[in-house]
Structure formats: structure tokens, C-alpha cells
Amino acid sequence: MLAPQDWQAIGVTLRLCLWTTVILLLLGTPLAWWLAHTRSRFRAAVEALVALPLVLPPTVLGFYLLVALGPRGPVGGLLETLGGTHLAFSFSGILIGSVLYSLPFAVQPLQDGFRAIGRQPLEVAATLGAGPLDRFFTVALPLARGSVLTAATLAFAHTMGEFGVVLMIGGSIPGETQVLSIAIYDAAEALDYRRAHILSALLLALSFVILWLVFARRRRVATVGA
Amino acid sequence: MLAPQDWQAIGVTLRLCLWTTVILLLLGTPLAWWLAHTRSRFRAAVEALVALPLVLPPTVLGFYLLVALGPRGPVGGLLETLGGTHLAFSFSGILIGSVLYSLPFAVQPLQDGFRAIGRQPLEVAATLGAGPLDRFFTVALPLARGSVLTAATLAFAHTMGEFGVVLMIGGSIPGETQVLSIAIYDAAEALDYRRAHILSALLLALSFVILWLVFARRRRVATVGA
Amino acid sequence: MSLSARIGHRVGAFTLAVDFDLPGSGVTALFGPSGCGKTLTLRCLAGLERPRRARIEWNGELWQDDAFHLPPHRRRVGLVPQEPTLFAHLDVRGNLAYALSRCASPALGLDEAARLVGIADLLDRRTDALSGGQRQRVAIARALLSHPRLLLLDEPLSALDDPARRGIALDLRRLARDLGLPMILVSHSATEVERLADRVVLMRDGRNDAPRSLAEAVADPDSPLHAGAGPASVLDGVPAGIEDGLLAVALGADRLWLPWHGAAPPASLRLRIMARDVALGLAPARDLSVLNILPVTIESMHDGADATVLVACRSGSGARLFASITRRAATMLGLAPGMRVHAHLKAVALLD
Amino acid sequence: MSLSARIGHRVGAFTLAVDFDLPGSGVTALFGPSGCGKTLTLRCLAGLERPRRARIEWNGELWQDDAFHLPPHRRRVGLVPQEPTLFAHLDVRGNLAYALSRCASPALGLDEAARLVGIADLLDRRTDALSGGQRQRVAIARALLSHPRLLLLDEPLSALDDPARRGIALDLRRLARDLGLPMILVSHSATEVERLADRVVLMRDGRNDAPRSLAEAVADPDSPLHAGAGPASVLDGVPAGIEDGLLAVALGADRLWLPWHGAAPPASLRLRIMARDVALGLAPARDLSVLNILPVTIESMHDGADATVLVACRSGSGARLFASITRRAATMLGLAPGMRVHAHLKAVALLD
Amino acid sequence: QTRPLTVAAASDLRHAMQALQVEYAQRHPDERVRVVYGSSGKFSAQIEHGAPFDLFFSADEAYPQRLHARGHAAGAPRRYALGRLVVWVSGDDAPPALADLAAPRYARIAIANPLHAPYGQRAEEALHRAGLATLRPRLVFGENVSQAAQMVQSGAADAGIVALALMFGDELRGRGGYTLVEESLHAPLWQAFIVTRRAAGDARAARFADFVLSDAGRAVLAAHGFVLPDRED
């Protein structure tokens, strides 16, 4: 039912989603923590900046990233002069694009989550001898785990469906940068609806199961009078 | 510098973003509230369903919506037999698409926000004679206002940049369904980079100012030892 | 008017099984050790828990049975929770106004309530800029402003200093009387219970004893109320004149003297006499600075803890007095039930 | 070893200006009305506030001055906050282990600490399944397990019943002694202060009095400590034999008898004698159930509140005793400084 | 293992290019060719920024010319086909001619976006020349010609002006009907390709290019709705 190319696309997609989610959590968590606690005048500006990639159409954002990461761009160019290769049309390139594009979906929920903890648990941890990093990992993160979950699922799902940025930076090269969403898009563009339906159904089912498993573990809040 | 068509696109974009945000808050808030409090077995499934539109490529989701909203689809068809008009290629159509596509960005932060309130304030309000609706509006919503903000900004920004769904359902009709992101996309595709840069810069600047204003009002959390 | 509650509830491994009927007025104290189910009981009464088996009726109105559960906002039951929860999005005034604006028949003004608990100068504060005791007082004022049919107080004064505690307790007692506002008070302080309560429900391990009047409760030498300072008698009397800065209090035909600050005394006075403050003598002691000496008859003698004897006496006018003395003294004096002796009351505390 | 703190801090309209030096051992009570700045002071000591002007030194080590601020996790100062904050993502055992695993030199085992505060059977509970008093006890055990250099206790026992309070207070005092763990205790309960503290710092409106020893503090008839039950004397003595179930306590040459439960008495005993429990007589009363009668000399007489007189006496062995008697009795007996009288001690409370 | 030859092809070439691949594979069984489909504008931008494409088959001449002018091509663009437009409806109705679109039942007419899609430009031009400029308010625009077809197929648009080549895929063959738009109504839609600079000197690229222009290649293109240019050689 599925072509080998589709299987490749599924593989690339899963790799991209997982890496994006992991990197977003690694990157977004300290950023969100800083944003939740800083007194800096630039806080609001940084928050706005984080959300900014969202407002550009994905392919246009993709285009600018292409320029930046390509051989003549600042990033890609630098890499080339350092003896490496530029990042356009590579897995690393689409990963950077996905991370940037989903950043606000990770940062904002995390920031809210950290804010909701309040200062008391962190203060208590400090008086028990826990330093800043210790407090962060043993108190803040576990207490904000609901928000970590939200950040992860939003980032994961958004990366799953996104194709504009990925298409532009990645060039849809099978086995390397062609993700499932591009394959579905292609099928639809080719008016090959049967294939589009099958792939969509597959993607939806897969995502539903993943999301359902994740959400089923979430706790609810007690209701008044219950 | 800007063509009249661009001004129209800006107008449509702002209308679309505002309406989408408003509708998402109106729709997402009770849904998030229910999800945060229900004991229903279907909770996790509903949560997964809400996030599902995200995982489809926007144009593909757009295509399915076009089928549903068009004259031969279940929704559009019903409207036509009721003497109305179908929703494809109309502002209502792209609004529906945007709402559906940004739903998880509104629902999930709100749900986290409601969860973070805990039960005590609601219980106290109940003993002071506040009924469920009263509690919801006078206690839950104000206490979760940070999350309402997050939901609103994510929904707003995501709608601002999205064009796949909107393009497919809306058909890019100037003054009606052509939004700024489509205009930028078109300029970039036509390799008319000057126009693409100008429009992008405009969109970024506009969004930055809006987001900055919104975020500047947000409070931070006290840090240990400060 | 009355409250009748039969509650069977399980949370985790803990089983709550309480069963009591209370008159619909006055102050009832719920007293018992930490973890015995006091808070849980109040939550059931307020409608915040849904016990599996329960029948709660207020004055003939069904609040809860196995099938029905009147939601908390329809019960008009006020609750001051053990850890005061203020609305963080409102300032102090906003918190008070929240209650007032939902009250159909306000009995107090906002400023009046604030003054009562001593937070009049904090009305414009954010709630996170309050001290622990200040938070607690805001919670009390807020509950009062909702003018509930029944007020549940879960250790409402635990974070307050003695003078504030005393003042607010007296105001609460006055409000209970003036507004006909029945209260259920959870407190770990025997003094607070003695100061405020008309009756006491003792709890232990999720079960309760039958409600008893305060006098009965304190008269029980083994009562957990005495764990702090030992048994006591609580007597209600009326003022009978002031002399030399001393107030005479009439308990039937008996008369006790206590130091008085001079203002007009209230119509009724509640006195507490700790058993350990009562000495028994065969004759009134002379040349001793003890003013209050009552002739009493020994009714019974109980071996108390630690080589002491608790002697229950009755005065001529029928007032019941406890004296806690050492066994050595009892032997020395040859005390026995039926004997007429003189009770020397070294200290008489005014609870009002 | 010592703590020296000079703190100038403003939050909102409130100004904290405290200044005290404390020895690095024993228990110091911070006592003052609600809202006077006790919690704020503890927070400054713990490093949780950054006062604008301050100099805090611990045993020569700088914790804070205007330029420097040692972060809280480096101070090794334990804090039991006024509203106990438990880690909601950990169970009770997890909360305790959190402290223990960060402690370089554990002085207590987890189970031992749990037993001490009576939560040994709650170790596997989620923190939201605890009662108010149980939460408070977990917070105490957790702070103890971190074996801090200084333990700050902000009304740590406010949600506990009397027996539990008494038990934990005694254990805390023992730990303070055995581990050489200095503590600063905020409490609204004079009994708790008398039971636990070695010295007292009174606070009012953000300022403090100089630290005084407990004996001095309670000897002040106007001390706010007495707002509850009036002045008292606190005396430290040693056991001197048991007879008839009564324990003899030697205070120098004086000897007092108190009911004793029979176990071996500790090496030293702290007694509290309320002034209102002391009657003065020209001669020892006969045929009266008062066992403890000490010959004393009147040192001074102060007009107290409400037509009472506070009489300061000294026993032959130098112990200082207060007697609160009515002015009428003082006049009747013709009491005057220098007179030799007999103090009748109706009740002697053992604070240990 | 060597990198496969990578061909970027405009989306109207989907069916033709697949057939070309099959034919080519029979002749050169050892050579792997992979094709990526997309819009010509996007490919142009990507090639300018280092995309690993060896050949680029555009839907027009302008994009290859631009790339050539900027030095991204190994040689001058070569025409491989002439695109034709059709009016297409997806129902069972008789297909309308271009002029019939004025009828009110064609309330929504889908075309590719004339700003960047060559088929869209020609469609707009044809409408103008046919005196149907007044139909402009009825137009809806797809991102490209495929999307225009999707709009028709969904039933949301009543007719579309799309590429003849789309009618030759399995998907649309026999579904609804189409009428050709007269060639005279728009400038000829010459489609050209280039070998990119990165493939300069790559024999495989040259081989594939020659194959497309060979008789066998032309036969495939002709069978998929393209008009062929005169032989270059």
C-alpha cells in the first residue's frame, strides 16, 4: 500500500519531529525560565521576538532561512569557509527551520508553567540547600511537567504537519528531507487523492494514538463539590 | 510603496486574526475548562482530536475543508438546501479553517492555566455563593489570564502567518480572502523579493509591536533571594 | 432550626463516620487531634466533598443524601479554610466585595467587617503583600460578609497573637448571638473553645462523640480539652456590683470577685476556673491574699494523673467546681465525698 | 558562634528595621503582634529577601551586606515557613529525602525525623492527602533533616493539637541542645515560647527590643508575653527525690513538690509559676491543700491592671517569684516591700 | 553508491515525467533518477541558493532564463514542450468552452495565481483576449495549477482553467470533460529546462537531457498533452 519512498518519508518525519521536540525542550526550557523570572527591560521584546517567526508565511520564512543557511548566506557561508558544508537541503537545515518555527509553541506554555509554580517551592528548596540548577531540575521542572507536556505535544504536532518551511529549506529530497507532510502535499498536488487519503489517514491515526497515549496520563483538577 | 491590494490584504488579515482569536477564546475556553475538569473517559481522546488538525499539511487540511464546506460537501450542501450559500471561497470559510487549525494553540495553554489555579479559589468562591458560571468568570478566568494571553497570542500569530489552509479554502480573492501572508508568499514565488521583503518587514514590525505591547503587561515571578 | 449530619466518607485509607445533630444557633466547637477528620467534616457540610453515604439536613431542607447533593453555592454556608485562600487577582477590598456583592441580605458593611478583624488599613493591599495573620483575618471578614446561614471556621485564629485572637473571638461570639449566625469552630486551643463555644463535639479517628454543652464538656476530667492545662469549670454568671475595683459576679447565691477594668460590665459573664487553681481547705484561710473562698460539698473524688486527685465539689447555689490537689494533701486533710470544705479560688479567668 | 543582624528593608509601605546579636546556640523566640515583621525578618536571615541595607554575619562569616548577598542555598539555614509548602510532586518520603540527600552531615535518619513529629505512618502519602497539621509536621521534619546551621521556625506548631505541640516542642528543645542547633522561633503562644525559648526578642512595628533571657522577659510584668495569662516566673531547678508520687525540685535551698508520673526525672527541670497562681499569706495556711509554701521577702510592688498588684518576691535561696493579688487583699494584709510573707504556690507547671 | 540524478520538475509535468522515468530506466537500467515536483518559482529560488538539483524543468521559459543569466545554468535553456490550457469542469456536464464561462452558473472559476504561475498568467491573458475580463471577480486563485484543479475537483469551484497535461493522469482521465483554450488567445507557453551549474560536465545529466529531447522522449511528452517544439537539431 505504501511506496518505499513513503516509508522513507515516515522515517524522516519521525526523526524530524523527535529531534525538533527534544531540541525545543532543551532550548525552550531555559529560555522560558529566563523569561518567567527576569527583570530585564528586554523581556517583552524577547518574548515578542520568539513569537515572530510564526507570523511569516512558512515558505517565506523558509526562504529567508534558505538564504541564511545556503552557501552564500551568513551561516552557511561561514560553515563553508570553515571547511564544512552549508545547511540548506540537509536534514540539519530542516531541523533548524522546524525548531525556529515551533519555538513559541514550546516557550510560551513553559513560561506559563514556570510562572504558575510560584516562588514558595523554589524558596523552600533553596533553604534545603538546593542550588539554582538543582532547584530547576528537581522542583521547577517536575512541578511544571504539565506544561512541558503541552510544549512537547504542540511542538511535535506542529512539526508533523508543517511543510512550508521544510519544503523550502529542504527541497523535498526523498530519504533526506522529504517528510510525510510533503508526501501528502505532493500526492494532493498530483491529484492522487487515493494516496493522499491513505497517507493522511495514516498520519492522523499515528498522531492520534501518540497524542492519546500522552494525554491519557495527564491528571485532572478536582471539581467543586466532587 | 504598498499597492491598494496590499492594503486590502492587511485589512482582511487583521479581520481574520481578530475574529479567529475571539472565536478561539470563546470556543476554546469552555472546551479547555471542560477538559481540565472532566472525569470523562473520552477526555484524552478529545484532547488528541483537538490537536489533530495540526498534523495535516495545511493545504491538505484546506482541501478536506473545501470539500466539506463546498456546495457538494456536508456542511456547504446543508447550508445550500437551507437556502443559504456554501462557505467555500468566503471570509466565513477561511475563518472556520483558521479556527480549526489554531484550536490546539488556544485550548492547551488554557487547559494548563485552569489546571494551575487549583481547586481552592473555586471552592472558596462557591462557599461565598458564586455559582459555576459566576466562579468561572470572576475567579477562574481572571486567575488564568496569563494563559488566556498565551492562547490569544499564539492563535493570533499563527493565524497571521498561516496561508495554506486559507489559500485553499479562500481562493485568494483580493479584498475578501486574500490575506497578507498569501500576498507575501505570492511575491516570493514570483521572485519579486523587493516586495516580499517590504511586506515581510511590515508584517514583522506590526506583529512585533502588537506582541511587545501585549507581553509588556505580563508580570514576572519573584526569584529566590530577590 | 437545626443541622443534622450523618456522613460516611472515605478518602484514601481514612474513613470519616460522623453523626450529629446540632441546634441551629450558637457556636459548636469541633475538637480533636491533628488528622482526626475535622477539616473533612467541614468540607462535607459546605458541600465541597461528595461523601458516598450521607444525609445532611439543614432545618428540614435536604442538603445531601445518597442521591442528592445540593451544590455549595446554594447552601449559603460560609467557610474560613484552614489555609486561608484569598483571591490573588483581587486586592483586599475586592476580596471582601466579592462576598458582599453575592449576599442577598448583608448584615455587615464592608468597612465594618474590616474594622472588626483589624484590617481597615489594608483594604487597598494586594493579597500577596499580607502577613500570615493578616491573610487569616481577611478570610474571616470575607466569610462574615457573605452572611451565611451557617459559618464554618477551620482554625480561624491560629496565626494571630493573643490580643487579636481574643478580640476577634469575642466579636465572633457577639455576631453569633446578634445575627443569630450559628457557627462550627475547629480549634486546637482549649481557651478558644471555652471562650467561644456553646457546645463541643469531640472527634477522634474520624468518629465523633455526641455533642455536649461546653459546661459538660469541660466538667469531664478526662476531656481532651484539658490536655493543655488540666480540667476546669466554666461558669456563666451575672454582674452584681463593683467595689474597690473588683467586680462581683453572682453565680446563683454564690458571689465571686474579680479584678475589673472599670467599664460597664456586660449582661452576662463567662468565667473559667482551672481545677489546678482551686485549693481546698478545712476552714477559710486567714491572712492569705485569696479573695474568693466558697463553702462547697465534695461530691466525688477521682484519682487523676501523676499522684493528683481531682475533687468535684458543688457550691451552695449548685455551681460545680473542680479542684485538682495532690494525693498527699487529700490524705493529710482527710478529704472524702460528702465532706464540707472551703474552696480557695486563686485565679478566676474571665473568658469574655 | 553568633548571629549578628542589622537589617533595613522596605516592602510597600512597611519598614523593617531590626538589629540584634544572638549567641549561636539555644532557642530565641521572636514575639510580636500579627504584621509586625517577624516573617520578613526570618526571610531576610534565610536570604530569601534582599534588603536594601543590611549586615548579617554568622559566626564571622558574612551573609549579607549592602554589596554582597550570600544566596540562600549556601547559608545552610533551615526554614519552616508559616504556610507549610510541601513539594507537590513528591510524596511525604520524597519531601523528607529531598532534604536529607542535600545534607552533608545528616544528624537524623529519615525515619527518626518522621517518628519525632508523628508522621511515620504517612510516609507514602501524596502531599495533598494530608491534613493541615500533618503538612506542618512534614515541613518540620524536612527542615530538621537538612541539618542546618540555624533553624528558623515560623509558627511551626500553629496547626497542632496541644499534646502534639507539647511533644514536638520538647523534642525540638532537646535537638537544639543535643545537636547544638540554634533556632529562631516565631510563635504567638506564650506557653510555646516559655517551653522552648532561652531568650526572647520582642518585635513591634518592624522594630525589635534587645534580646533578653527568657527569665528576664517573663519577669517584666508589662511584657506582651503576658497578654494571655499574665506575668509568670520561670525557674530552672534540679530533681531532689520522689516521695508519695511527688517530685521534689530543688531551687537552691528551696524545695517545691510537684505531681510526678514516676519515670526517672531529667537532669534539669523548667518550672513556670504564674503570678496569678501565687497567693501571699502572713503565715503558712493550715489545713489547706496547698503543698508548696515558700517563705519570701517582698522586694517591690507594682500596680498592675484592673485593681491588681503585682508583688515581686525573693525566696531565701534567691529565686524570684511574682504574685498577682488584688489591691483589696494587699491592703487587707498590709503588704509592703521588705515584709516577710509566705508564698502559697497553688499550681506549678512543669514546662518540660 | 552514487548520488541519484535529481530532477526538479514543474508540477504540470508530473505524469509526463513519470512516464519519461520509466522509459529512461529501460534504456539505462543502472542509472537512478529521482524527480522532485514543485512550483517553478520555488525551484528557481532554491537553485540560486545551492539546491542539489541537476536538471530543472520549468513550466515556462522565464525562470530558466533568469537562472542562466545569473550563472546557475550549465548552458542555455532548452525548450522541451509547449503547454496548452483547457477549461475543465469536474461533473458529468458537457464541458464549456472558454466563452461559456460567462454563464452565471460558473460562479467560481479557479486558475493558478497569475503572479507567479505561468499557467495562471496565460489563463488570465486568455480571459482578457476573449473579452471576459469582467469575470475577474469570479476568479479564485490556486497556488499553482494543481491547486486550481483541486479547487474544481472539490466541487467548490465550478470550473477551472488548467493545464492540458493534468488531464492525462490516471486521476482525471475520464472525470468530467475539458475543452482546449484556443492557442491564439495567449502568448505561447514555452517550457524550457536547464542543466544546473553543479551538474555541468555530469554525463548523466546530459544523457537525461538528450533523452527528453529525443524522439522517444518527445513521444512521451506528446502523449501527455504537450505540444512539441520543432527539433533543435
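As written, the chain order gives the labels A, B, C, D and E, with residue 1 at the start of each chain.
Heads up, the rule we're going with is that a contact is a pair of C-beta atoms (placed from the backbone, for glycine too) under 8 Å apart; a residue touches a chain by one contact, two chains touch by 3 or more.
None of these values were measured; they are calculated from a predicted model.
Common neighbours of chain B and chain E under the contact rule above are A.
Set against the C-alpha centre of chain A, every other chain centre is closer than that of C. At the chain A-chain B interface, residue numbers used by both copies make up over half of all numbers present, so the two copies contact each other through mostly the same positions.
For chain B, the chain whose average C-alpha position is most distant is D. Between chain B and chain C, the centres computed from C-alpha atoms are 56 Å apart. Averaged Cα coordinates give chain A a centre that lies 60 Å from the centre of chain C. Averaged C-alpha coordinates give centres for chain A and chain B that are 19 Å from one another.
Taking each chain's centre as the average of its CA atoms, chain C and chain E sit 91 Å apart. Under the contact definition stated at the top, the residues of chain A that touch 2 or more other chains are 59, 63, 123, 126, 132, 135, 188, 224-225. Listed for chain C are residues 47-48, 71-72, 83, each touching two or more other chains. Of all residues in chain E, those touching 2 or more other chains are 42, 45, 147, 150, listed in ascending order.
Against chain E, the residues of chain B that register as touching in their complex are 59, 63, 66-67, 69-73, 76, 86, 88-89, 167-168, 170-173, 185-192.
Residues of chain D touching chain A in their complex: 46-48, 71-79, 81, 83, 85, 87-90, 98-99, 102-103, 142-143, 146, 148. Taken in their complex, chain D has these residues touching chain C: 11-12, 32-35, 38-39, 82-83, 125, 129, 131-134, 137, 154-155, 158-166, 188, 190-191, 224, 227-228, 244-246, 257, 259-262, 274, 276-283, 285, 287-291, 305-308, 323, 325-330, 333, 335, 344, 346-347.
On the side of chain E, the complex with chain A involves touching residues 6, 11, 14, 34, 36-38, 42, 45-46, 49-53, 144, 146-147, 149-150, 153, 166, 169, 171-172.
Listing the residues of chain A that touch chain B in their complex gives 36-39, 43-45, 47-49, 51-61, 63-64, 104-105, 108-109, 111-119, 122-123, 126, 132, 135, 146-147, 150, 153-154, 157-158, 160-164, 181-182, 184-185, 188, 196, 200, 203-204, 207-208, 211-212, 214-216, 218, 220-225.
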